[in-house]
């Protein structure tokens, strides 16, 4: 293809976008709305996913320390625990704190067991890097000196893993469905606009245009439609995300869970939206034309 | 050179629009195709540029054997032909200039050459002042002349015109005939379907008469002769 | 009765297609509108059925004053007119039968009456055998005759025909003229834009000549007269 | 309008649907895919909502019974609790069972407090009909005889309410977004197909058709497109729901939570899909035409 021809195709595609007026507006707005839905739902799904995995990661091993262990030995134990490569965080909780938790859950009668009557142990609360590692950590910890017992929530943790797993599975299923729907709807819209120009295409063929020559401006026009259609969704998703991130992050702060960082996440989702728009616009356009280019 | 050998064309609805056409048109000839409405003139012409395919028979246009031609070759066949369509077939969303230029863009002429040539042919058909109009802003006859301008724009070896004066007043029609006569005198083959008996009488050329899907007359100027195989 | 008083029409692109038109066409008249391509014939005709609105001036068609007519009344105006469009304007997805029937369905005739009448007018234009074809399966001349059939289907008071014989051979054109003559003799007004000088010479009627947006001649059969206000 | 004219419109609309071939197919499939998305996401959202409110309803008031209360008095207390009209369920849990819970959560040291040393109380676990009523129940219970204390989870319950509330709020927001998107996409698709028939409409006007006459077949065609477009989504959603209901209900059985009953829920969602299809198809069609009916 000559450069002048390529230039012509680009110019032609933009002209055509303009001259098709309401048709272009309709196609653009279909792309816009579809990508808006994708943008918003993806943002939600990916954050639910993030929080779910935060929750999953939050499962901890409680390492009960032998009574009578002194500070030095405790420090040693802590070091040993920290050496386990799957450990991400270690927190100390004294038996007095533990008792408070019991009183909080079961009632003031337990106040009787304050001071030296306290039957509880000091505890290291150990977080795993990956939730699957909690079991190993518990096993390893049990073997260590000065460890009375190591527990990791057992059945209730497994149940949580299960729920989180399910949330993530469903999230992926919904995301795929959504992607499929977006791809279909965008290419379908482009197809309809091309169907309505069947006549024009047949005239082009009749005056000696090759399929490639006919196809290029349409493909570019599809790509423009996708690109321009991604603009508004990107703006809305970006602004909305930054705004909601501020609000929700705040209220999540105390829990230790967090949403995806806007700077990284928005870059990803923006790229996704633009890519879907351009690629599907262009391909949808190219494929829809084949029907008319046979004769 | 255009040659039809035992060409039959039956439309899906059983209409037999070409019943054993045998015609040979030599390079540089000027030939009228006449006959009543629905006789098969447009079908005859459409088969030359492969808008319609014959049901059987052989068609040769320049060096293309149309029964063997690949789909991808069709655009190149059509570039050797300048076609004036009975229903004009202008691209509705391109301006007059762009419509005519299109036929030159497809052969990747450079933009300056295109501009010069387009202005030249628009001037020929008397519509240079309409370059920026869109087809739906033109009168019927004006649209027809644009279709003619586009057909001759890339100096094709053959001009095929289906009823090119149907929407033109006698004076304008005469102007168009002068153009066709001139490019014919420069060596271009002209095939022209027409109902205009005044034109056929005034500008004498070979006449092919079709009636009800059959060629009933193939007459050079002034005389009859039966079409040879 | 059709009356134009000081009618001007300037298209958005500054083309002055009607420059002070003053014409009165009485019920039952037959009038030709002639003039070169792009003169303003179609514009004149389009203003009668309100496809185009004049820039200024008054137009009266039957009892409708077009400068005052409401949008909702336009369909009723058009039902009193049978219009043959220069570009046919057939509905591409309806069969020939349905296309002609459409003009009768809009006035809510009952289906039997419609069937009878449609077959009758299709027979008149010689296309009864094409009832089930779609417009794109017809030749140019055949489409034109369908447009004519549709125009006369509901026995309008006025028939407005824009170049109704442009795609017809002389014989078929004569057939159409016979039809128009006959409905005219039954009292229908006929306004016909045409380029066909043979027809204008053969079937003598009033002639209105437009040139470059001006009425330059308004001549009853055989004589000249200046158009009165 | 004459009956014969109305019949004509119906016939005409179906004919047109058929004769528009690929255009109709494209419009139909856009409606299909859109309604499929709506159907699936709505099913998920409404069930998440249902389970969330099940969870919310699961919050209980723990009524601690005075030590030394005899069986008869306990039965009396249970009757009194049952009289509260907001109470839906009462479960007895002895102090031995309660101790087991403590041991389960905090360690075997608490075994020391078995038997007469058990500092815990017998408990009535009372479920409220509506979660908001837990607070009232607790208050009322405290005033009753033989009641040592009445607790309802306090902060942790409020946190749960909060989460559930949020899930429900987001669910509604997503549903509305989805509805808006569906309405827009369907009417937009219909609009494009009508835009591509601009020419036909103007011819109709030129041969004397009133706006009403022109509009009806288009409106009906839009309605058919919506109706036919709802068929596949309904089949998929119905079969899929019944299938997943079987699977998920089973695994939920132990928790006491449940999904929406297919018979009722599917009737609602099917109706919703058909309504969206027909109404938006017809209205979208009618509105899109206005532009062309002015001249």
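So that you can tell them apart, the chains are marked A, B, C and D in the order they are listed, and the count of residues begins at 1 in each.
Just so it is clear, a contact is a pair of C-beta atoms (placed from the backbone, for glycine too) under 8 Å apart; a residue touches a chain by one contact, two chains touch by 3 or more.
This is a predicted model, so every value here is computed, not measured.
Undergrad: Return the chains common to the contact lists of subunit A and subunit D.
TA: none
Undergrad: Find out how few touching-chain steps suffice to connect subunit B with subunit D.
TA: So the least number of steps between the two chains is 2.
Undergrad: Distance-wise, how many Å sit between the C-alpha centres of subunit C and subunit D, to the nearest whole number?
TA: About 62 Å, centre to centre.
Undergrad: Can you work out the whole-Å distance between the CA centroids of subunit B and subunit C?
TA: Between these chains, centre-to-centre, one finds 29 Å.
Undergrad: State, to the nearest whole Å, the distance from the C-alpha centre of subunit A to the C-alpha centre of subunit C.
TA: Computed from C-alpha means, the inter-chain centre distance equals 66 Å.
Undergrad: Where in subunit C do residues touch two or more other chains at once?
TA: Not one residue in subunit C touches at least two other chains.
Undergrad: Can you list the residues of subunit A that touch 2 or more other chains?
TA: In subunit A, no residue touches at least two other chains, as defined above.
Undergrad: Classify the chain contact graph as line, ring, star, complete or other.
TA: Looks like a ring, each chain touching just two neighbours.
Undergrad: Which two-chain combinations touch?
TA: Chains touch in the following pairs: A-B, A-D, B-C, C-D.
Undergrad: Spell out the part of subunit B that touches subunit C in their complex, as residue ranges.
TA: 11, 13, 34-38, 41-42, 86-87, 133, 137-142, 144-145, 162-163, 166-173, 195, 197-198
Undergrad: Mind listing the subunit D positions that touch subunit A in their complex?
TA: 22-23, 26-27, 29-30, 33-34, 36-37, 40-41, 44, 64, 98, 102, 105-107, 109-110, 112, 119-121, 149, 151, 170, 174, 177-178, 181, 184-185, 188-189, 191-193, 195-196, 291
Undergrad: Under the touch definition given earlier, write down the residues of subunit C that touch subunit D in their complex.
TA: So the residues of subunit C touching subunit D come out as 49, 51, 71-72, 74-76, 78-79, 83, 85, 89-93, 102-103, 105-108, 110-111, 150.
Undergrad: In the complex formed with subunit C, which residues of subunit D make contact?
TA: It comes out as residues 1-2, 4-5, 8, 16, 19-20, 200, 203-211, 213, 294-295.
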